[in-house]
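Structures follow.
Paired with chain B in one complex and with chain C in the other, chain A is shared by the two complexes that follow.
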Partner chain A sequence: MIFHSRSIDNVTLLNVSGRIDVTNSSDLKHKLGQIASQQSTQVIVNLSHVSFMDSSGLAVLIQGMKRCREYGGDLLLCNLPKPVHMIFELTRLDKAVQIFDSEHDAIAQFQTQRQPLISGLNS
Partner chain B sequence: MRPPDTIQIQLAAKYENLALIRTLIAAALEKVEPAPDLNDLGYNVQLATHEVCLNIIQHAYGHENGCFNIEIELKSNPRAIEINIYDTGQSFDLDAIPAPNLDEPQSHGYGLFIAKQLLDTLEYHSAPGANHWRLYKQF
Partner chain C sequence: MFHPNAFFSPPRWFETPRALIQNCIDALHSWQITHISFQPAQYNALPPEAQPALLHAQSTQKRTRADLTLLDDPAVQLESDVSTLKHELQLMQAELTQSKKLLFQANAERQKFSSALALARDLQDNLQPAGAPKVSGLDVCVRSKPAHEVTGDFYDFRLHGPNELVFTLGDISGKGMAAGLLMTMARKVLRTSLNVLARPTPDAMLDYANRDLYEEFTSTNAFATTFVGQFASERRMLQYANAGHSPVIFRRNAERAQLLLADSAPIGVLPENQSVVRQIYLLPGDTLVVGSDGITDARNEDGEMFGLGRLLQLVDAHVNQSASEIVDAIFQALAAFEAEGAQDDDQTLMVLKGV
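== the complex of A and B ==
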């Protein structure tokens, strides 16, 4: 599994490539923990280059989402390959996690969430 | 009717062998004539088998030493793949395992549920020292 992360407008984008399974899901858990420790709770995980994901990978992403939400943020997913999206549909986790077709759409979602807050501060 | 193609192998029940099991399933399916959605079907059977073997490692053997005996068989009439997995670990009652609550996101408990959803048949027969999983999916 390979990670590449970058920040855009207070949002952390994490690109994951390769397999996410029981042999390496702890690496993803560690990476999401690192991001959380940097006070970043607005996270987008791009799964476009994930070739295989099992229930261990699913569990780590759900744990990451719950942690972000506990601290007032969220973890969004984008660019899910068909087989990965299928697991979210089977488990109905596609109703619990916000999934987007592109990074752009996911970033826009965070910006939309911030807008009412900014408007409230200015009023 | 073509004779069935079967792959038989005994492997240590370890996480690092799960990728090899997926590769063997892919190799078996390479003998199948191309069909719509065969790639998706192959992925689904690989994932279902992976989840069953994961369950054996974690629960039947409790991460202790053990092995799988695996048979991967292509059937021709109807066209299907059948995978039989035998282990000698702790038995359990498959029907007694509650399905995950799909209305509430959980951090675990999806593995066998996913396997069941991806297959036509997932059977488990337990006996002291000889547990048997049967996974079946028609093309």
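== the complex of A and C ==
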């Protein structure tokens, strides 16, 4: 599993490549833990280069999502390859975690979430 | 006898190198000296025949007195080599003894761990129902093949009233011991829900389990995909609710097998789950297959997954057979497909046939 992360406007974007299963899901858990320790609660995980994910991988992403939400943020997913998207559909985890077609759409979601807060502060 | 410091100021010569060495040995003993070293200039000032002996003394300065040997004497050299070899052999023997001891301890630990796992496996086997209770209008078979000693898959059957069978099948995320521990909790909570809920419909049971287990599943980073069915034999009606579980296949007699997709997220994902109850009639010839993802995710030597397509085809192909024959056929197909020894996820399959 390979990670590449970058930050855009308080949002952490994490690109994950490879297979995510019981043998290496702890690496993803560790990576998300690192992001959380940097007080980043707005996280986008780009799964475009993930070939397979088992329930261990799903559990780690759900754990990351719960932690972000606990601190007022969220963990969004984007660019899911068809087989990975199907896993989210079959398990109905697509009802729990927000999935977007592109990083741009996911970033826009965080921006719209912030908008009411900013206008609220201005008024 | 001279203190070693006195050897060189003024220079003091010995008749033979052996005499010099003997003096060293005596000096070490008398003055309780543990280390002797010689500066290169001092060393070079010695007669050539004494130099090899002192070279050895230098290189073995941390050894005991007995290690001071005369190297220019072939007989003593041989004795020294034998002594060194003996010493090394003793060290190796000591290491071997220590390694054997560690290996024995590791084996004992492993046996203890294996026994604990075997006990856990027995416990799970005893907790899982041996088979399905007999209910009129239904032929039921279930089989589970764990990937490891303990399984994260669970199933249960309860008779609710004389003509109603409640069954559950679930899969804890992850594998191994952690999943094995959580599955006993999940099954127990679902069983409890049947007793405490005023109207224990499948959706109410799932929502009860979700509320009860959300905290524990959050702290243990797990979730459970779960299918709950309730078959009323008099009306042949099956009510079910599906929290993220797959594969679930329904085949109406004389129609093609189709997937019954989940309606809500698995147990333990959202603080409040909105489960949905659905109903179908399970008439004679109709088949319901509930499996765990260890079946569809099984891989062959080329890394290809067994998949939902093959499972649907198998259900279609064996439609005229009994529940146990369908279970046999699917596990046989899996065994033929899956690479030897490659099973890395629990495989559980429940088949319910209307009769």
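As a working rule, the second predicted complex is superposed on the first by the 123 of 123 C-alpha atoms of A that agree within 3 Å, B and C clash if a C-alpha of one lies under 4 Å from a C-alpha of the other, contacts with A are read in each partner's own complex, and residues count from 1 in each chain.
By our rule, contacts are C-beta pairs under 8 Å (C-beta built on N, C-alpha and C of every residue); 3 or more make two chains touch, one makes a residue touch a chain.
What you see is a predicted model, and the numbers here were worked out from it, not measured in a lab.
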Chain C versus chain B on the shared chain A, clash or fit after superposition: clash
Which of chain B and chain C A:26 touches, first, second, both or neither: neither
Chain B versus chain C as contact partner of A:82, first or second or both or neither: first
Chain B or chain C, by number of chain A residues touched: B
Which of chain B and chain C A:7 touches, first, second, both or neither: neither
First (chain B), second (chain C), both or neither touched by A:66: both
Which superposed partner A:93 touches (first chain B, second chain C, both, neither): both
Location of chain C clashes with chain B - one stretch out of 63-71, 207-215, 261-269 or 279-287: 261-269
Set of chain A residues, in rising order, touched by both chain B and chain C: 22, 54-56, 58-59, 62-63, 66, 90-93, 96
Chain C residues within the chain A interface of the complex: 171, 173-176, 218, 221-223, 225, 243-247, 261-266, 269-270, 293, 297, 344-345
For the chain A and chain B complex, residues of the former touching the latter: 19, 21-23, 52, 54-56, 58-59, 62-63, 65-66, 82-83, 86-87, 90-93, 96-97
Interface residues, chain A side, partner chain C - complex: 22, 25, 29, 54-56, 58-60, 62-63, 66, 89-93, 95-96
Chain A contact footprint on chain B (complex, rising order): 15-16, 18-19, 22, 40, 43-44, 46-47, 50-51, 54, 100, 102-103, 105-108, 110-111, 113-114, 117-118
